Every structure is written in C-alpha cells, then in structure tokens.
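In the two complexes that follow, chain A is the common piece, with chain B as its partner first and chain C second.
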Partner chain A sequence: MTTSDEDPVAALGVALAQSNATAKLNRKRIVRSTLHDANYHVAIIACAMRIHAEGSRRRVLAAWLKLLQFVAARPSLAENLLEYARSRRTGDLQKWALMPRGYMGDQTHDGVVDFLVAAGVLRRDGDYLEAGPRYAGLEQLAATIEAAQMFTGEREILNRLRVIKPNKVMLGGS
Partner chain B sequence: MIRIVSIEVSGRTARGSFTGRMEFESGLNVFSGENAFGKSTAITSIPWCLGIEPMFGLQNNDPARFPGAVRDVITLGDVENVPVLASEASVSIERDDGARIALRRAILGGDREKVEVTETFPNKSKKTMVLQARKDTMSDETAGLQRFLFEWMGLPRTPLMTLNGRRSELYLENLAPLFFIDQTEGWTDLFALQVHRYGLQEVNEAAVEFLLGARTALDARFRRQENVSTEARLKGEAEKISERVVAFFKAQGWTTSWSTRGTSVEVAKRWADRKLSEIARKDFNMNVAAERERLTQRLISLRALLAEAPAGAADRGPASQASQEVVEFKTKRHKLRDELRQARLQLAEQKSLLEAIEHRASSSKDVLKLKLQGIGRLDQVECPTCHRELDPNSFQLTEQSTESVAAHIDALEKQRVLIRHNIAVLDAEVVRLQHDLSSVEERLLVSERALATVNFAIGATRESLAKAAADISSAERELDALTAYTRDIEALEDTVQRWIAEVHAAGDDEAQDSDLRTRIAKFEEMLRLQLLALGHSAVSRANATEVRLDDRYIPYLGSRRLRSLGSASDHPRLVAAYVLALAQASRALKGPHPGIVILDEPQQQNPDAKHVELFLQFLVAASKGTAMQVIVTTHLKKDEPAKLRAAKVRVQELPQGHFLNASGLNAQRK
Partner chain C sequence: MQLSAMCSDPLIEDAASIFGSATRLGFSFSLWLVLVGSEDDFVRIMRSLERQEFEDEVCGFLQRCITDFQTVPANPHGDAGLDGHSHAQTVGYCCYGPEEVTKSHAGKLKTAVVDKFRDDLRKIFELDTQGRGKAAKLVHCETAEMKTILAPGKKLGVLRLIVSVFDSHQILAPLNQAFAEYIKASKLRYVEAKAKMTIWGPKQLALNGAVDDLVIARLEHREVVRRVTNTLSGPTPLITPTSDFDEKFDWIDAQKKAKPDAVQRMRNLFRKRWSSAVAVDNDLANNAPSLHAALAQAREEAAADADLASGTASSPQALLERMREKLAQRLEQHLGARFPAELRNQLVDGEIARLIGECPVDWRPV
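And then the complex of A and B:
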C-alpha cells in the first residue's frame, strides 16, 4: 500500500478510515446529463431531419436517424463512423468494429420518436420516418436553432455525415 | 494672472461703419441686456482673438461663431440687411505687472489667419507684431500666437501623448473650456467644449491638473502615457523571452510556468520573484555547483586511474563492464519508451475527454437557452386525433428543469478544470520522458562506441586504457554540457533581468502624488462652497462633505454622479460652481489659472424665483470675495440691476438696444 505522503487519495482513505464519517447522499446534488433530456433529443432530431431527410416527404431511414442523433451528441464517434463508411466501399471488413453500436439501446430517442409520431410531427412508413401533418413545427425549430447559432457542434457533425449513403445492411439490419 | 480690459468689435458697410465696445474691471463684471442685444457677439471676441475657435467645433480660422451682424448683414439704424464689407474684433488684456497686449483679428474682409498683437510694456514702450492664429501656433517659436501667449501669461508648456502614440501638448483651447463657459454648449457638460479631435489622451484630466498647478502629476501622467506605447513593445519582448525560457527548460526535460499574462508591470513582478536558476534548483534539483563538483571529482579519479592504478586490475574486465553499461542503457531506454507511450496515450485520452466535455457543455448551454426561451417545449403538444395534451411521461421521457441543466453545466465546468489540469501534468510528464529518453539514447550511443573501442583493444592492459579513455571523454562531455547549461541559463537570466529593469524604468510613476492629493482636496473644498452658494438642490450643508471628485475629476455626491442629481436647472449651477471653484483653488494653490472666468448666460433653463434670488445673492457675494475677474453676461429683470448696485455689484446695462452701433457719418438711426 502506498503511504499517505505519496498519494493524496490514499491520504484521504486513511483519514476517512480513522474518522466516524458516514456517507450521505444528497439527491439534489446528483446531476443528470442533458444527453437524456427530451428537449435536447427533439432539437437534434429537428436538425438531423433538416440536414438528412430527403424529398418532399422528408423521408429518412429510422435506424439512420437514430444513429445520426447518437453520433451528433458524441463527436468522438464521428470519425469512426466515417472511416467505417469509407471502408465499406473497398470491402475492408476490419473496419466493421469501428461502427458505433451503442445507439441501438438508446431508449430516449425511441421515446422521443414515438412522442413525435403520436403528436403527428413524424409518421412511420415501414423502416422509414417521414414528415407528419404537423412537421412544420419541427422545421421551424430547426430554423430557429440555425439562426441562433445553437448546437453548432452537433450540426457540424450532421453535415459531415452527409457523405454517407446509409442502407439497412450497414446499420446492422437485414 | 491676467484680466480682460476691453473688447471692441467694429466693421464697415457701404452705408457707414459700426462699432461696439465693452470695458471691464477686476473682480465681478455683470453685463445685462435683452436677448439678441449682442452680449455674445462681444464675448465671442475673446476666444476669436486668442485663436481658440476650435473649442466650438469649428475649423481653424472659421468665424462662424459670430452672428451674421458681423459676417453677413447688419441693421444700421432703421435700415435692415446692410451687407457687411469688413469687420474685426480686438481684445485688450492686462497682466498683473501692468503689461498689456491688444489682440486684433479680422472677422470678415481681412486675413483671418493672422492676429495683430500690440504689446505695451510696463514702461509704456510698445511693440507690434503679426502672429499666426492657428498655423504652427505652438510650435513656431517666432510667429506662433499661442507660443507667444503661453510665454506672455507665464503658462508652462505641457506635453501629452495623442491616441496614436504621437507626442503633442496642451493648447489654450484645451484649457479654455474650464474658464470660458459658452452660452449654449458650455452649460451642457463640464467638458462640453473640450477639443477631442486632436486625439490628446486624458485631455480633460490634464487640463484640470494644469489649472491646479499639479506639475508633478502632469509629468507623471505624460510619462505614463509614453509608457503605454512602450507597453506593447515590452509585452512583445516578454513573449519572446517566455518562449526562450520554456524552450530552454523543455530541453532539460522540465516544464515550468513562465507566463506573460497581465501587464508588463505584473509580469515583471512575477518574474522578479523567482530566478531561473532557483526554479531549476528547487523544482528540478539542479544544483550546478554540486554537479560540477561531482563531475570534476569523477574526472580526477578517472585520470588518476589512467596514471596510477595498475592496468587490468579491476574486478570486472573492461569489456564486460562496457557491455554491461550498454545493456543497462538499453533496458532504461526500453522502460522509458514504454512510459512515454503510456503517457502519450493518457494525454490523447484526456484531450479527447476534454473535447467531449466541451462539446457537452456547449450543448447543455444551448439546451438551457431552449428551456429558458420556451423553444421546442413538449408540454404544449397535443394529440392530433383527440386534441388532448400529450404527456411526455407516458413515453418514458423526462424534461429536465432549468436548475438541473444549470447544475449539469456547472459540473461540466468543474470537470473541464480538472481535465485541463490533468493535461498540463501529462504534458509535463511527456516532456520529461522525452528528455530522459533522448539523454539515455545519447549515453547509450557513447557506451556502444566505448564498447566497440574496448573490443578493438587487444590484451587486458589496452582494454583498461581504452575504457578509461572512453570514460574520461564521456565525463568531459558531461562537464561541457554543464558549462553550456550554466552559460545559457545565465544569459537567459540576464535577458530577463534587463527586461525587468526596463519595465521598472518605464513604470516608476505609480507612486501616489501627495501634492496632487492636496490640490484636489482644495478643489473639492471650493466646489462644496460654490455648490452651496449657488443653491444646487442636491447639495445641502448636511451632505456637502460627501461631494468629491473621482480620478477623472468628475464631481460625485457619495457614490452618485452629481450631474445626474437635482433638477434640470441645477446643471448650469454645477458647471458654474465647478469652474469658479477651480479658479479659486488654483489661486489659493498658486496655480497657473489665468484668473478670468467668463460665464455667458448662466441663468439657463429658466430658473425659478428662488434660484434667481440665489443667483443674485451669489453675485453679491462674488463681488466681495472675488480677487479674479469674473465676467457674467445675463439678462436681469427690471429691479434687479438696482438691487445689485445697492449691494455694490458693478452692473453694466446695454442701454442702446444693441452692442453694435452705427458710428459712421452716413449711418442713420431711428
């Protein structure tokens, strides 16, 4: 064991062991990340739809939208995804490991999409999502975000990912 | 001190000539006349003849401040709109010792660029010269009007820096706004007529200090202004020195903070606190003397071995010894490479983590903005079928409160600080490891050469000699490196010290000027008295002690600017109190105030009866106590001149309708 002189953590350990201190959890001080905030997800979905949805019906693969918002919130994954996408063209299977997969379990996104579908903002069409009768509100939100120069990091990543042509196989589907 | 003796304005038309004259005594002079009776025409002659018209925002030699009656058309008798062919103004000024000058300058139809100066000496002899009103007015030693006036009035020349770093000086028009209060703009602000277009730095403050006679403070102000332009140069040099220091320490495998944050004075103070050699000794255990001693002893023993010890008598053979050294250095190199790889990996991870935290912090701030502005809120969304509000909770969604998001941002900021600290520590560790690795690689190379040399030697004796020679060579190289280190750190130290000395030489004026404090205290005392005398509604006997001047000589009552207190009609009272107090303080302190104060129409904003009465009382008091010349032009109502005269105030009324009257033969009067 290291001595307390060498390691401040060890010194703290020794001090705690010798005291009558008890652990007390202050729930008010537990900080939740905004990564799980519904407003944040709606904002990023709005930006992703503005940048990636195609045609007059504003269609996008549901799984691709899920991956897009996941990577947009985590910039370190963007390069991996781009590299993986590049490798697919050359058939390099070694880069398959770079494909981000954590997005599959992102339940907040699923909840937000369900909510937007229930509200008529989006509509499901098989594996695709497209604009619903109340899509204008989402488009308006994306325009506001763009005008106010908000979520610049996320929007930059979403723009960089435009070079990728997604398909179901790439996204792990059949 | 000087006083205005007389003002005369005259002109010529096709129908005859016109003229107007005012004469003044020492002390208080009150001139009363109806509006548009020409009081301001007369008063404007003073700045015009002094050549300081830029204080009215005019270009040089522009007489636009005069009314049309002397520049365009005049009413002569009952004939209106008579074109003026030529006009001029003259002002006679007397000095304390009885010497006089008469300044005459054309307004229309003559050379406005010149001022004719007739100087009458105390022995009554006279001298007339023509001087340049504006062109090189201060710099021309023979023909500059202001140069002459400064000399004649005994005013000291005062250098000031301009905003673009050029050396200039205070002009008369920079001082005049503090004793000449023009009837329009002069009353709007204390420094309303200050000429800022020359770009003189801190000209308002310098003008006040000039009139208070605070020479030490003015000199210090100028030196400090000069220093501002040298500050940029000093900071640039500091940056270069800092780069050299950091590079030098890095070359030794050390990381130190040698920042250039703050002003050059702050940097110099920080750098002076620690010498480079001390940092090396205390933070990195670099004791040059001990190291030199160790290497010298090693050389001595190696040489002794070469000269005296029996060759080949060592326990281990020289070849195996050299080989062992190579192995040890290779092991060390391997270990250091491994440590360096780990440190670099950790550094890259921490940098990546910092990037992620910064990204999250930026996003969280935007989320907070969304929530605060109510953009994209989910609780206002209704079902398109049943039109009931959709509850996000039924979709397992949570919307964080603004407090929660703010707490998250706060936590991210703390993490960012922590990660940045980690990155700094890892950066230093990488530098140290790189240096250690390069040092080990160098020593490995030396050892490998020594091993090769020993392997070439045949026989134990030759092997021993070869090993000893290689060791001596290695020790000498280390000693050389130590000498180079000492030389470099001393040179660097010398550069730092010279820079610090330069900063100290440039910034020696930070000490408080007690002379200035005394003068300001006098000014404040006089200001309180004047404000009470003039009846400023925000200042009473109870709170007058709270009247003070800030470091820009702006008057405050407690913590509030006096200008923002009281009624609209208090504003001219504040201006009048300020200029009179400044003149009185200067006189009490033997400052260079010219000794005249001109208040053109001080009853601005239609004061009420109470304040008119206060104003009259003030004039009565001023007529008794004023040693300087105060010229007041105003419009007194019917019985007021008589009241003032009864109190022995000198009041002149303009009885003939206008200051300017026809004086030529063919002029007609009603």
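And then the complex of A and C:
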C-alpha cells in the first residue's frame, strides 16, 4: 500500500478532494496514433510505390516497401538508415545498430499489404510485390495526394531514400 | 480515399475481414516473433550484453544446442570460475561480458578480459599466486566447490572461454601462456593433463550453434525490456511546460487547500513521468511496433473502462484509482508476461501522467 506522500496519483486525489474538484475524463481527447491506422498505411504505401516501384509491372522488394513506409512514418529514423546504407561498403560493425530493425515487427503494414493483395491492388511474386489488376486505384490515390500536397514530410523522406539500392542481405533476409 | 470505400464488392469485403483479423492478431506476441533471424543480429545483441545477462544468454544458447549442457549455479560460495559444462563433464565453459565503460577502451578491455579469465582458470586449476613480481609463484589452493560441481573422477578436457567482445587477437597470447603455466603448476584434480583451451566471441558461438528466429526474438525482446527500463529510470528530457498542464496545477494552488510545495512536487513528478511515457512511446514505435500497438490499444481501452466507471466514481480519488486499476488490467492483458510486473506498474504511472499532461483528464471547472 502506498501513501500519498510517495505516490503522486494518491496525493493528487487527496488534493482534488480537498479542493472540492470533480475530475473528468474526456475520451475524445485520446487520439490513436496514425502509425496503426490502416488508411494512413494505404496512403504511404501508395506514395512509396509511386516513388520506388520499377518497370512496367511496378515491382518492389516486399521487405524494402515495408522498411520504406516504416521510416517514412518515423522521420527520426531516416538519417540512421541512410548512414547504415552508406557504411555497409566498409563493413563497419558499429553502424549495425543504426539499421531500423523495428520495421520487421510492423504488423499493421503486413495486414494492409495482405488486404491490398486480397483486393487485387497488389500481387505477390516471390520476394517482390507488384501491381495487381486493380493497381490503378492506388496510383490514383498517390496522384491525388501529390496534387493536394498531402504527406509532404513522408514523401520527402521517400524521395531521399531513393539513393539506397536495397538487397535482401541489407534488409536482414539472408 | 477511405479504405471502406474500396470495400464495395463481396471479394473485397472478405479481404477487409481478413485484414481485420490480421490486425487483431497483430497484437499477439507470437506474430511479433516473426523476425528474420541472422547471425549478424545475434553478434550485435550479444556484444551489448553485460556480466550476468551475457552469461545467462550464453548458457541459454548452449542449452539449446548441446543436449547435456549443464549450467553451474553460483550458490553456494561461487561457481569456481566455471559457468557450465557439457559432453559428459569433459568440456567446461567460462563467460565474460565486460561492462560498457570497459568495452569502449581497447586497452582496458584487453586487461579486463585477460584478468577475468586468468582468475577463472586459476580457480578451476586450484591455484593461487604467492609473492609479487618476478618472485611470484603458483601454489596449490583447493577450490572446494569443484568437488560438488564435477562427479568424482571426472576431468575437463576442453575449456572454452567465451567473451562478448572478441575483436582483438591480443588476448590470445597471454591467456594461452597462462593456461600452459597453470597446467604445469596444477595438481590437475579436475583438468586433464592434455586439456585444450579455446577462446570464443559471439561469432564463434553462432557458428557452433543454431541461431534461429526464436533466439533472435528472445534477445531482441530482452533488449526492448532493458531499453524501456532504462528510459523509465534514466534521465529523460522534460517536456516543455504547456499552459494546459500548468493551469491544472495552478488551479489546485489557487484553491489554497493543498500546501504549495506539495503541489509543486506533484507538478514536477507528473511532468517527469509524462516525459518518460512519451519517450517510451517513441522508443516502442521505432523499435517494437507491435508492442507500441498493444500499448496504444491498452490506453484506449482503459480510458473507455474508466469513462464507463466514472459515473459511479464518488470522488476524484476514486476516479484516479479506477483509472490506475483499469490501465494495469489492460496492460497486463495486452502486454502480459512480456514485461515484468514492476515495469508494467511504471508504465501505468507514466500513462496516467500522460493522460493528465495531454488533457483527457481534467478537473478545472468548465
């Protein structure tokens, strides 16, 4: 049992009671992070595909797409990823820590990609994702975002990451 | 474009339902474990472990790889320098994970590794040094624990010294020299006369065992718990004062019912806890997104619980206690055994401070 002297929550309760205050909880002010919002993920995937997918089939390494959207949504990681990619040529052990490995556990992205594949927007081809029969919707979404100048921060990071030539070893896949 | 707008035909509705399930499952720890195992990750994380943590992980790893690997507990009276043995008590293992301050200095690191393993070897060989400098000589000194660690008649034929950082060959010569001297000087009650010694780092450990997804996931999780613990207990840059946050405490001050210094103490503590909660939130978002999602889910559900309960809460204390109780329940439900209870309690305190700091909880008259 804690006393109000060492427990600020209990101390606050006592102070509020002494002041005849009524504590209220406003649930509307609890905003869920966009990091787990499916619509946001679809939008960032659309932008990432527009900037990074290659060729007429609009192909991209699935793990690279996952890392791209992860870093685009977390600007503080962008410089670390760029530094890690630069240091790989020298095999510098100390720079391993800079790789944003957290992306591997991003289940919201996995769920959104599963949805887009099931909806025929994207298609899996081995380690790659490419345009599915309904890809035009995603492309249109990316074009709308660009025209409306939305997600400028995320798109700027996606553009900066174009200097990286990804491969499976770099992404931790072998 | 809303996701729901794309769900206009049955096929896509099915896909949406799959996505819903996937998202719900996304909060399950087992899916978080689906990481890509690699030796590089293993080496990186093992390098970062110190002392007992490193020893625990090495022993855990060897237990998975070697059927008869036996950890040697340190009680009572120490482990005689031997952290484990295997192969019918013929192979012995000594581990050392230097602390960060030692690792960062190459000279200190070399000395520390050589000193630590010499010390372990002397215990196993039952030796002590007498005299100083050139006059120093090795004398027999019984290690009483050895006879309760190895079965009678059993002797070690191989000794493996495992260190968390093994970048320099400079430790090889002094340790091999010491080993040769100890064999000559020892009564060899627990070590074969023809015993061999090798020194391993995490890379050699990985090459001699199976580094799979589970090993990496366990190490990664240990790292997450350690980072969250450090964030909660270490110095965190304080959040810049906001007018809303300060006005809440100014209001209590203005009522003149509570002592001003007590109100100030509360204000400082809640700001500190709020700052730590935000730091933990950022850290999880960057490094363990599924745990971040679980925390966000717990926060949201606990707020809903507390909101429902607030109708029956008779006083501010009751509401705050209810919030604390609901948060603890939801965190246990979503994070479960992934975080120790003490850490979960700290997270609860941080989340309450965050609810006060970010204004969902208020007490000022409208």
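Going forward, the second predicted complex is superposed on the first by the 145 of 174 C-alpha atoms of A that agree within 3 Å, B and C clash if a C-alpha of one lies under 4 Å from a C-alpha of the other, contacts with A are read in each partner's own complex, and residues count from 1 in each chain.
Going forward, a contact is a pair of C-beta atoms (placed from the backbone, for glycine too) under 8 Å apart; a residue touches a chain by one contact, two chains touch by 3 or more.
None of the values given here were measured: they were computed from a predicted structure.
Shared-chain residue A:114: touches chain B and chain C both. After overlaying the two complexes on the shared chain, residue contacts for A:154 are found with chain B alone; chain C is out of touch. Applying the stated contact rule after C-alpha superposition, one finds that A:75 touches chain B and leaves chain C untouched.
In the overlay built on the shared chain, the residue A:34 is in contact with chain B alone; chain C does not reach it. Of the two partner chains, chain C is the only one touched by A:22; chain B is not. The partner that reaches more residues of chain A, of the two candidates chain B and chain C, is C.
In the superposed model, A:56 lies in contact with neither chain B nor chain C. With both structures placed on the common chain, the touch criterion links A:13 to chain C but leaves chain B unconnected. In the superposed pair of complexes, A:133 makes contact with chain B only, with no contact to chain C.
When the two complexes are superposed on chain A, the residues of chain A that touch both chain B and chain C are 29, 32-33, 35-36, 38-39, 42, 74, 76, 107-108, 111-112, 114-115, 118-120, 141, 144. By the touch rule above, chain A contacts chain B in their complex via residues 29, 31-40, 42-43, 46, 73-76, 107-108, 111-112, 114-115, 118-121, 133-134, 141, 144-145, 148, 150-154.
On the chain B side of its complex with chain A, the touching residues are 352, 355-356, 359-360, 362-364, 366-367, 369-371, 375-378, 381-384, 390, 392, 395-400, 404-405, 407-408, 410-411.
Looking at the complex, you find that chain A touches chain C at residues 8-27, 29-30, 32-33, 35-36, 38-39, 42, 70, 74, 76-77, 93, 96-97, 100-108, 110-112, 114-115, 118-120, 137, 140-141, 144, 171-174.
Chain C contributes residues 1-3, 6, 11-12, 14-16, 18-19, 22-23, 25-27, 31-32, 34-36, 38, 40-41, 44, 220, 251-252, 255, 257-258, 262-263, 265-266, 269-270, 273, 282, 285-293, 296, 299-300, 303-304, 306-307, 310, 315-321, 323-324, 349, 352, 355-356, 358-363 to its touches with chain A in the complex.
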